[in-house]
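What follows is chain A paired twice: with chain B in the first complex and chain C in the second.
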Partner chain A sequence: MNNVGTALYEEMIRTFDMSGASHTKETASLAHLRKEAFRTFKEKGFPTIKDEDWRFTNMAPYLKDAYQLQVPVKVEATALEALLDSTAVEEWDAWKLVLVNGQIDYSLSDLPEAGLLKISSLKEVLGSEEVSKFIGLHQNTDANRLAALNTALFEDGLFIEVAKGQKAEKPLHIVHLYTADVPSFVQPRHLILLGRLSEFTFMESTACVGGEAPVLVNGVLECNLEEGANLTHYVLQRGRRGERMVQHTQVYQARDSRYDNVTISLPETDLIRNQLQVALDGSGSECHLYGLYLPSAGQLIDNHTVVDHLQPHCESNELYKGVLQNSAKAVFNGKIFVRQIAQKTNAFQQNNNLLLGDKALVHSKPQLEIFADDVKCSHGSTIGQFNPESLFYLRARGIGEALAKELLVQAFGADITDRVSSDAVSRHLKKHLLERPVTQLQDVPHIEHI
Partner chain B sequence: MLSIKNLHAEVEEKKILKGINLEVKAGEVHAIMGPNGSGKSSLASVLAGRENYQVTEGEVLLYGKDLLDMAPEVRAREGVFLAFQYPVEIPGVSNISFLKTALSEIRAYRGLPPLESREFLKLSKERQALVEFDASLANRSLNEGFSGGEKKRNEIFQLAMLEPKLSILDETDSGLDIDALRIVSAGVNKLRSSDNAFIIITHYQRLLDYIVPDFVHVLYDGRIVRSGTKELALELEEKGYDWLKESLQETSPAQQRVI
Partner chain C sequence: MSNENDILLEELANKEYEFGFVTDIDMEIAPLGLSEDTVRYISAKKGEPSWLLEWRLKAYQAFLKSPMPSWQNFVMPEIDFQSASYYAAPRQQAKYQSLDEVDPELLATFDKLGISLNEQKLLAGVAVDVIFDSVSVTTTYKKQLHDLGIIFCSLGEAVQEHPELVKKYLGSVVPVTDNTFAALNAGVFSDGSFVYIPKGVRCPMELSTYFRINAENNGQFERTLIIADEGSYVSYLEGCTAPKRDTNQLHAAVVELIALDNAEIKYSTVQNWYPGDKDGRGGIYNFVTKRGNCKGPHSKISWTQVETGSSITWKYPSVILQGDYSSGEFYSVAVTKGKQIADTGTKMHHIGKETKSRIISKGISAGEGQNSYRGLVQMGAKANNARNFTQCDSLLIGDQCGAHTFPYIESRNSSAMVEHEATTSKIGEDQLFYLNQRGIDTEKAVALIINGYAKEVLNQLPMEFAVEAQKLLSITLEGSVG
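Coming up: the complex of A and B.
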């Protein structure tokens, strides 16, 4: 225990002590897991900058608000619909699942008939041993106390199961809407299970509406990929001032499975902390992780990724790029483990940053821990400004300086948005990049060119 | 159209241009030749507004306006075009949308609305044909993975699209094989008119067989040391730049400086 967010910490303890009543229908194993997870959190409290994994991301200022844990949604349906419209992906033929403060809103959703693609609220299936055994299965609660807190206290979220050998007929667009009139602490929990040789594509969009009150989202998503399963996952994070988001995504991969992730984090949200952790636990499995983060003034975007090569003949590719305006802050911490048994591993990781403000700051920390001896691995990191030659070339064709810089930012980001295999989604992401306000481009001292 | 008077410029306090005088009228083609390091490309850079050059003396007027006072993009909008010696590769910026943006910016400066998509496409097809520029290249990222010849052809394609008043071709012939040289030159010749002018910077006379200049100037040590007609280029080709250096030494040894 430490003294960060003390009032909130005590609120958590009270809540946990009372939560037993609402969890009576859950399996005994889940009850046990919750208890263990809570013990970890209770012992150590919220993360502080003394924790190695939180050195550059200080949660303390975001834990001071008088958050409420169970806040009824009070927002006009029309406001929700307007917000929902803003997340729509043009010309993308997809099912739609809308969650408001972590709860499914069926009236706003458009879902397939119950069948081989099963979608329900997580709460509905928590009594099933078959399902609940996957919760927290591959999560290291000790190292991820906020995820542990979620495990202890989560009430609901979303459950998706794609049956063995099935390819979901259409992709699914999951829209997370958040709204708060009073400071709210939301802990959604989602579980996605992909059966053997199944295939599924989904996109998560986040948006925030209503009120100026702070919202802290402490979300956990777990994805379990059985042999040969193929999961494509796009994430577009958009929010407002006062929103803070900690998202823990745990992916477990059995042999010959493939996981693709593209995560775009747009400006405005106070804090985004993404913890994407992938365990490659079957030979022949591969994951491809791409990220683009665009923090603006006073904002912090932190991407912590872990790729764990637990078996031989696996491949991981990772490219994260950041564009930082004025006083924006970003953290990239990418860890790759290659276990002793994981021979013939291919693991690549790269982090490139474009610093556009003289007070912009990025902590880039690529890490490789290799215990095997027959592997191909590389990692790297760059920090730089606009290439003056590229800028001059565009200007020499009549393009004004501000627009030329904007084009170069888009070009920098296109490296990530082009990884999206769906044209409609790719266009959608690019459109958001275009709308991104580059408010104060400044000339900064020359460091190195990308 | 263009009037350069006593132009001095330096890079990082090293004097590069030491008093250039040049008058270019509409309809004219001027070739600027000279040995490596004589300041040819620097002159092009100064005219286009490259930032690391400091003009220390002299003036450049374009239709009476002070060119040196303008940002690079304003010079382009006023009708100056530099065909780069080393065109930059910009992955992620599509060639064609870049051109569309550039054209819109130039048109907006002149109080014109952007071209309709259909008109733009029509123009682009027409101008691609002019320089035999492959449509697939037009749709790729700007110069990314282009061969040297393709990059140079792209410069001339852009020139054809933007229709500048004054075009400066900076060693456009370097790295071109004979076929590409012929195509590029034919494109330039078709674009020549009584309204526009060209400054062609080259190390070799070969290009001038295809694009016949009205005037040839020899740049040496930051100054124009000879001016003449196309015959001067032939003479240089035959006798080499050493001949020039020697003859300069004989006529005006005082002007020679050890660099």
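Coming up: the complex of A and C.
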């Protein structure tokens, strides 16, 4: 226990003691898991900068507000719809699932008929042993106290199951809306199960509406990929001032499965902390992780990724890029583990930062831990500025300095947005990059205007 | 092929430590245990002035207060500070005028080490300050250096003869509160080397220290202080060996380098402490704090290390780039085999503008060795146009070893550039095949490849040392085929 967020910590203990009543329908194993997870959290409290994984990300200032745990949604439907429209991806034929403060809102959603793609709220299925055994299955709660806290206290979220051999007809767009008039602490929990040889694509968008009150989201998403399954996952994180997001994503991969992730974090939100952890536990499996973060003044974006090679013949690729302006702060920590039996592993990791602001700060910590000898692993990290030659090239062709810089930033970001296989989504992501010119020069026209 | 490999690997693992002999010399050893009295005892033995005793006591207090570090990437062995002796000195502590007066046993020891003083006398250009368990025994070439105004003596002597310099710089780079082992060292250090190069002087020869831990249960806490005044240059070599013992011995040294305006210091280490036997029994814990401060503009500090010994090596030779336009370098080859552990790397703190640093680290793990590179590159807010390049490569030989990389990169300046790259791989089969095909047997081929792999670092060593390091590398890794 430490003295970070003491009031909130006390509140958590009170809530946990009372939560038993609302969890009566859950399986015994889950009840046990919740207890264990809470014990871990209770013992050590919220993470502090003394924890190696939180060294550069101080949660303390974000835990001071008097958060409430169960806040009823009080926003007008029209306001929600307007917000929802802003997240729409043009020309993308996809199902839509809307969650407001972590709970499914069916009236705003557009879902397929119940069938081989099963979508429901997580609460509904927690009574089933078949499903609840996947909760926290591959999660190391000791190392992730916030994820443990979520495990102990989560109420609801979404559950998706793609049956064996199924290829989902259309991709799914999951929209997380958050709204708060009073400081709120939301802990959504999601579970996605992919059966053998199934295929699924989904995109998560976050947006925040109404109120100025701080919102702290402590979310956990678990994805379980059985043999040969193929999961594509896009994330677009956008919020408002006062919003703090800690997102823990745990992916477990069996033999010959593939996981693709593209995460774009846009400015505005106070804090974004992404913890993406992939366990490659079957030979022939591969994962590809791409990220782009664009923190603005006073904002902190922290990406912690872990790729754990547990079996031989696996491959992982990772590329994270960041553009920092003003007094933005970014943290990147990428861990690659290669276990002793994981021979013939190929693991690559790269982190590039464009540091533009005078007061901006980057902490980059790529990390390799290798216990097998027949492997090819590498990582690289750079922190730098615009290439003066590229700038000169553009300016020599009559492009003003500000626009030239903007172009270079977009080219830098395109490395990530181009990884998206869906054209519509790729366009959508690029549009967001354009909407927020990273060089923050107001009179800079966008590329389209040239 | 694989069977052959196994045999070779086993041979490698069982490779005996060449320098594991004990020299029987009459020693004066402090009683076991660590307390304030121990600190006073050492200070009194050395006849130190009161300011130094106070400084030591302050350090000892800091040591008591600081907890054992727990962030390292290995299981920290229990160290019983009470069961070690903190001072050991050869009984015949006379000042030698010539080598003839030196205890023949001692000379024989150095003969075995291959750094015979007699030979050194003939070989041009190396002045040796020999630290035999904690006390500096003799310094060669003193006269010649003296004529140039260079001070090269034991730290104990420097305290007596040049207190103003020692007082000004001792602990200025590594403060007593820096870390647990640095605090312990400051409290109980027994001796070490002191170098002062006056303004504008280019030291004509390589200065060298040879450390050897001889007595059992004796931690070696030496302290080296090198000051290069404006426009001067010095190259300093350090080598280490220890006899074979079943118990672990702690070696917690501190090295401080200070480079003033336009000065350059080159510090090279070939560390070959006893690594323990094949089951990991015994061996030296080499927990050393090394740091240099590029205090003046245009100064330069370069660390080169070849680490092949010790059961645990734990050190991060660092450079504080305080002066504008100063530069820091770090070249390292770390070899772990058997059950050896190395957690080593560097720190580059860029404070002044236009500062530059370069880090080349080559790790080689064989047997059950664990090799970690841990580094910090820090670009301060005022480090305009600062530049860093880091490359750390790991080579794995056998499937029981591990290689780890923990770089910390931090930038607060929008004109600074930092580059880091790391790779991990094994010896390429195509490379081996190429050499085999040309009639070079596998063992020689591996030695050739390893030497090529480490060349970038070995090239930084002074000539005499480079040859020795190269030999050491091929001996250490003899018969290791991936």
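FYI, the second predicted complex is superposed on the first by the 436 of 450 C-alpha atoms of A that agree within 3 Å, B and C clash if a C-alpha of one lies under 4 Å from a C-alpha of the other, contacts with A are read in each partner's own complex, and residues count from 1 in each chain.
Quick note on the criterion: a residue touches a chain if its C-beta (ideal position, glycine included) is under 8 Å from a C-beta of that chain, and two chains touch if they have at least 3 such contacts.
Quantities reported herein were computed from a predicted structural model and do not represent experimental measurements.
Residue contacts after overlaying the shared chain place A:385 against chain C, while chain B stays out of touching range.
Of the two partner chains placed by the overlay, only chain C lies in contact with A:340; chain B stays clear of it. Between chain B and chain C, it is C that contacts the larger number of residues in chain A.
When the two complexes are overlaid on their common chain A, residue A:397 makes contact with chain B while staying clear of chain C. By the document's definition of touching, neither partner reaches A:196: not chain B, not chain C. Legend: residue contacts after superposition of the two complexes on their common chain; A:370 is shown touching chain C, with no touch to chain B.
Once the two complexes are laid over each other on the shared chain, residue contacts for A:42 go to neither chain B nor chain C. Taken together, the two structures place no residue of chain A in contact with chain B in one case and with chain C in the other. Listed in rising order, the residues of chain A touching chain C in the complex are 52, 340, 343, 353, 355-385. If you check the complex, the residues on chain A that touch chain B are 387-390, 392-401, 403-404, 407-408, 410-415, 418. Residues of chain C touching chain A in their complex: 71, 379, 381, 394, 396-426, 482. Residues 48-51, 71-73, 75-77, 81-82, 84, 87-88, 90-93, 98-99, 101-103, 105-106, 109, 141, 158, 162 of chain B are the ones touching chain A in the complex.
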